[in-house]
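What follows is a pair of complexes built around chain A, which joins chain B in one and chain C in the other.
Up next, the complex of A and B:
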């Protein structure tokens, strides 16, 4: 049950109201598994089964001929793969969480 | 193998926690937070923090711990979901606890683990101590522990065993202050006091034991053992005797040794404490935060497990030991092997 980091990015066509609805649903699904780091970019730390669940759920929401979703697997962990400049709202959920 | 999930500690006065899809949302006066639930193995709430019924239901269903502590960190309540686990295992546990010889043997294994770990800590402190005034009492006490381990093997009944433990613990706490290296004037230790703790060291020890006890209860529940039916500790209404038994072998590692580390590294300072009427001493909100952060970090450190022959995070050790205990109770292994930290 090892976990790995993934990057989820998406483009959802928002010309129609159904499109905007899909966009919201995609964001909620991503939020359930990770956190928003840019407007349509999420970083998630998941197990293989959580990854399958998330990708399946997203696949059911989107319209394949109008929208696109990409998963990037950050092999080697996000600390080695990600360099960030500017505003960074990322919180490591594995660090001590004390509020 | 199980992942050590993170524990969320909420100590902000007036915070409100609720469920939003698969995430946990926290509202505080200053800002809001949102965490995916799958990162969290447990939630610990201090004082005036509210939590929505639906989040409680969800945590009960997932087997996620929710623990309520007072604002000073004393245990108030914990969430317990449906009775789960294997009824056959629980029955085996009850049968073993009815059997005098079985109870004595089990208690011996557990106490031997505690004595061994305490002896290691004393020996290490003896090596690290500067000057004979600290070194000699520590080494003497370590030698006494060697004797106690020997006596523990030959004990004929539980009372004798508890006597050995009591005597060993008394002499251990008598030399405890020799292990303190920073701010010795404030962190002086004379005797163990609880409900309420009467000095900073006792406040830290009590707090660490509370956190550890909750983890041991969770570990017992996790494998389907009844946390109240113990061997070394007598059964008493409302007392998690088995969890306290299991805790004995970690007490000195995750409790005492950890408390000494935060003091000796100057992480916790004399001004992290407040005096309360009646002579009680408690941690301030800031001090508690430092302490919890260090505790979480400590749990993530990997230690070698002698029986599994691999490295596992310290936070997982109670769960592994609970599993080994269950195996022994079920009769799959002839003896219970306590966790020994090298």
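Up next, the complex of A and C:
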């Protein structure tokens, strides 16, 4: 099954403890499918069914009138799309591991 | 000159007042080229020279060892890449204005 790269960015209203709980749940869900590259930005490499599972899971967590989730497909693969300055924590797990 | 869509996401270390100043400067710079879609996420439609100007401007603002700026080219245009749930403040200025 072919995989594609997506970006997940989110804003969760953290004025309440319930909102802070939603924020943690969103991060945990994204962590299950990819890696955090900034506080509320994750890069994931997913199949179509994984994409649907993740988006469904996030949809159930958030409050649509307070929170925002955005998915961006990185067509052509993340290597063709991304340029970064400064702190960059991304690790390419598809790179050969040299021991 | 052809334009393309990019996403700008950033994390700026705001532990100091100087960091909070950098954060404001980054947001103002992005505002000059596009629109905010989440707290630290902007969508911009730019020419290559505008892209270079914006990235150069942001590079001069941030502290590379504390802050992070990521640019993602939305190949094929944002309409082909983005899906959003919840709060969505994006306004398509290229849509015909109906009065």
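The working rule: the second predicted complex is superposed on the first by the 96 of 99 C-alpha atoms of A that agree within 3 Å, B and C clash if a C-alpha of one lies under 4 Å from a C-alpha of the other, contacts with A are read in each partner's own complex, and residues count from 1 in each chain.
One rule holds in what follows: a residue touches a chain if its C-beta (ideal position, glycine included) is under 8 Å from a C-beta of that chain, and two chains touch if they have at least 3 such contacts.
Keep in mind that this is a model prediction, so the values were computed, not measured.
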{"item": "Between chain B and chain C, more extensive residue contact with chain A", "value": "C"}
{"item": "Which of chain B and chain C A:27 touches, first, second, both or neither", "value": "neither"}
{"item": "Contacts of A:87 with chain B and chain C, given as first, second, both or neither", "value": "second"}
{"item": "Partner chain(s) touched by A:62 [first = chain B, second = chain C, both, neither]", "value": "second"}
{"item": "Footprint overlap on chain A, where chain B in one structure and chain C in the other make contact", "value": "none"}
{"item": "Chain A contact footprint on chain C (complex, rising order)", "value": "7, 9-11, 37-41, 55, 58-59, 62-76, 80-88"}
{"item": "Complex contact set, residues of chain A against chain B", "value": "1-3, 28, 31-35, 44-47, 50, 91, 93-99"}
{"item": "Touching residues (chain side chain B, partner chain A) in the complex", "value": "1-3, 6-12, 15, 21-23, 26, 28, 33-40, 289, 292-293, 295-297, 300"}
